[in-house]
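These notes open a run of structures that come right after.
One chain, subunit A, links the two complexes that follow: it is found with subunit B in the first and with subunit C in the second.
And now, the complex of A and B:
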């Protein structure tokens, strides 16, 4: 479901009342762009339509998608962006790898890893709320500090290569990567519950207009804590998937995800100004963005072009977001 | 005033001057003798600029080994990290010059900064040892990267010949363009070495991707490359280093094609320990962490003794040559992991190299 705070008023009750359905225009545009890309690639080389391509694209989607959910939550609630995701991703992947190396039960590892991610988000929220600081600056700073701390902690880490955890990360179910399914589940669940739960509606309301939300008795502080903790938990989940599916990683291995995650979030129609966005559209935006680099290779272009295209798409998405904001303001 | 008086005045007037002169001379002698004593007591000061790329544990270990060897010799030791950044390397050069080091060892993964570094250190008359990446005017200590590439490529070629009769569907190069000429030597050298054993592999079978020398960073590009060659069953991987080769292997695992891929790496970073990927058939050890043994034995010790050796700045005719040690995964399993190797190296008689201690194919 898509939702938007009408005229920057506050949505606090039933989703259908003050939050109206919106954003399917974005869905159609992104879906058409994706379809066009697939058709062009298939016309260029018919073997583009293959199970191998589907696997390559869906593996790429998995971690980006989970991180994009966290990023979207922060964006919708008016926190703009969480720039500390590269650090929280690697921190949680490191926790998972280290715990698995000492033979701790996988279920316990999952719980602890997600909890560490949530704790990281909570730390961000504490600094933002009690320091009364801009979330972008805070998360930028915690990313720097966290990255430096990670360099002190380790050089290279890897989940045990012969563990069931790694087997899970490399294998598929129903022809699609195992790590893709949790991403889809997360997108569907968060997308469903965000406009239907109290904290979700508060987040949308605060993102729409913090002053109006406060006037309606919504605690900005509590909302910030809830959203950043949830975003951190998403990073923890991404860290698990990353540790399960990737090889040896370094403290800086998470930095490559930031650009595609931000691009996917904005392309999904999440307003940088807050109050508007559709979590479900992340499936489309991440799918489209993950297909771009694979298509480039089929067109004979090197993967170096990937960043150029993603940057370009990000600029277009931001421009569209600005246009939408101006329309909303009118 | 009579001549005598003049003479008396003159002699009488010169007495305090003489006294002052005596004092000045004494002071000068004191200062000079103190300085001479200082010069005699002055410890040799070694500067070490480690690479600082978080990709590789050996970069930090290079500093640890150099520090221990310098301390064993009673030298002062200053270590800075280049953070894999050209600007930081230049800043570090300024710090070394200010600190008055007598010699510098560097591993600089950003060779674009080397000409400026050479100019700065040259102006300060500070001799520099450079590891693995040659620079005119710097003592070259390191591996013959081209020879290491050839050795690895030939070893992989022999496996392909035995297993696939020299008929792979794909030979994948895991490039690391940022390493510049080192990438050309190693990755290109591996291709040439492989061609030496299997000369008839068609041109269209040779493909490349940018691995950035890292398993995770190169993974998406490797995945896309494999997806673009869905028909390829028998795949061989060469590359800049073990990390890059692992990117292709991990991609094949994700796409369900791991049984069809064999890689041979460079640098030996991921071929020891208990977490070795079974599709990494081998690697080439340089024992990078132990380069300081070569640098001190062949360059820095003679400089400290006042007998600087002639500058040999060419990788083909180096100041000290590190032998490449190609090893299969089975052989590598018997080689201790890096922390243990460092421990054993530092306990070995001075001048002993890791190649002598650990290479199974001497």
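And now, the complex of A and C:
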């Protein structure tokens, strides 16, 4: 009897030992799908395998990948989604552009921009924690307010054109875009430390079962603050890369990233219910989804088709995931 | 064992049945009060012409179609399966319908095909969510992305420079018709809302729907088909979005690539302000949802008439949204920790 009373909350938590191994099945599936896409495109047009393709794919990967890390942190810790990323991306890109225009040292700009992103995440966390409101609704609301405020603030902006900052965003290192390397570094570092440090494990535990986490003395508030601030800092980093690599941008330029980022996060096996996900898999899922547009062009389809394929991939992925979860639960 | 036995007897007493008091303090009352505040603000800021027939007509035309989409999407929320794909569903329905009109089809068969396509997409949502147990937010987000792509493809293939010109006299006359100097379409949507409210609150089906959304496990043990209810709710949601797309074509006479882009967030913000929850089924009332739309449309209209930047509307929407969910929590709704 006693077990039944607490049984339902226990059933949602996962033993810590499984966290590290979780998701490798997803990795194999996504990697195979990616390989299939590349092979099919190459068989269709042999010139698909080229440096140009690699450049296009890795360039697309960069900003989506950085944002996906933030989204994954929120998801793994049980915060569902951060729908305010379009605002935080453009807000931080605007800060970077404005600061560079007055000739401030680039290192200082980087620090300030990431800090602004973190502050935005902290604002979200303050409302979530003290209002005890669901993050999906809070970030939906702050995105409404934030985008409107950005529209009142500026119409179009751009980082100074002939600055070293923009040159960095346009050029490559070792044959790959400069903005790709920070993304890979972020994914590898966060993916390494999340399941291997105490605070990272706290976040995973809170996502798995907040009751169990609380019973073990983990502070929910601190975890929420830390996670949303970190997610905001990721958006700040994405804003920097965005300002460096894109041309002029408007307040709504960030909206196109929201869905691909969420798709990549879910495809990487991050459970929206929390407690499950491997950050490293973001490299695979983002890489796969970023290859789709280039492949389509080689199949003679316009880039408009990419949304159809990405949506289809996402539905199939979550259907498989739901089916698997249901069978595990039984 | 004994602890559990005592905790079983310590169950809270049954909630007293006070329908009048519930109505006075419930979400519909608070959104009603908000609407009164908006109207008073409008009368003071704009003057009597805020409630003039011509102004009400403008607001009614503007809000009718989103309200219709929202009334139908509310069924999915009640069943506990949020359908984010409605914005793109509006777009793809308009694109299919517009392309068929352009191809020389008659009104009725073109509309039937557009609606059938939307029902099919809703069916795919249902298969993924109900059949496979996919997360509703994630699955319908996939549908949202995919249908946006389909809208792009259809509009590009049939139109020019990102927009498709599809004008139909009959439909234009219908969507712009006035009855008693009010838009016919707005009055019809009010009727639909009233019917939806009666179905949700007064019929067995409505009670089953709310039961499924409130606690699926309890509902299934009470013999209610959770899968059936959720499938039906997703189909109603898709049907409403499809109808909304067709009516938009009638009203505007064209389809742009981005028709319905972001509409899902506007609709769910209005519904949540009106007392629905996108994360918890079983709560909300079509009347409250409709009032939520009117509050936002009224606020937008005031800013419009005072020539204030329309972006302030979104700030108001965001703050109202937070206030509404906070109020819901104080009333005993789910709190998130």
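Here, the second predicted complex is superposed on the first by the 307 of 330 C-alpha atoms of A that agree within 3 Å, B and C clash if a C-alpha of one lies under 4 Å from a C-alpha of the other, contacts with A are read in each partner's own complex, and residues count from 1 in each chain.
One rule holds in what follows: a contact is a pair of C-beta atoms (placed from the backbone, for glycine too) under 8 Å apart; a residue touches a chain by one contact, two chains touch by 3 or more.
Computed from a predicted structure; not experimentally measured.
Looking at the shared chain after the overlay, A:161 reaches subunit B, while subunit C stays out of its contact range.
Of the two partners subunit B and subunit C, more residues of subunit A are touched by C.
In the superposed model, A:106 makes contact with neither subunit B nor subunit C. When both complexes are overlaid on chain A, the residue A:81 reaches subunit C alone and has no touch with subunit B. Look at A:37: by the touch rule set out above, it reaches neither subunit B nor subunit C. Of the two partner chains placed by the overlay, subunit B and subunit C both lie in contact with A:151. Once the two complexes are laid over each other on the shared chain, residue contacts for A:321 go to subunit C alone; subunit B is not touched. By the touch criterion defined above, A:302 reaches both subunit B and subunit C. Contact with subunit C, but none with subunit B, is seen for A:142 once the two complexes are overlaid on the shared chain.
Looking at the shared chain after the overlay, A:248 reaches subunit B, while subunit C stays out of its contact range. With the contact threshold set out at the top, residues 151, 302, 304, 306 of subunit A are in contact with subunit B in one structure and with subunit C in the other. Those residues of subunit B whose C-beta lies close enough to touch subunit A in the complex are 54-57, 60, 209-210, 214-217, 219-221, 223-228, 230-231, 243, 246-247, 249-250, 253-256, 258, 269-270, 275-277.
Residue ranges on subunit C touching subunit A, taken from their complex, read 1, 3-4, 7, 124, 127-129, 131-135, 137-139, 141-150, 152-153, 156, 262, 265, 268-269, 272, 278-279, 309, 311-315, 317-319, 321-322, 325-326, 329, 334-337. For subunit A in complex with subunit C, the touching residues are 1-2, 5, 80-81, 127-128, 131-138, 140-145, 147-149, 151-152, 210, 220, 255, 259-260, 262-263, 266, 272-273, 302, 304-315, 317-323, 325-326.
Of all residues in subunit A, those touching subunit B in their complex are 45, 47, 50-53, 55-56, 59-60, 151, 155-156, 158, 160-161, 170, 172, 177, 242, 245-253, 256, 293-294, 296-298, 302-304, 306.
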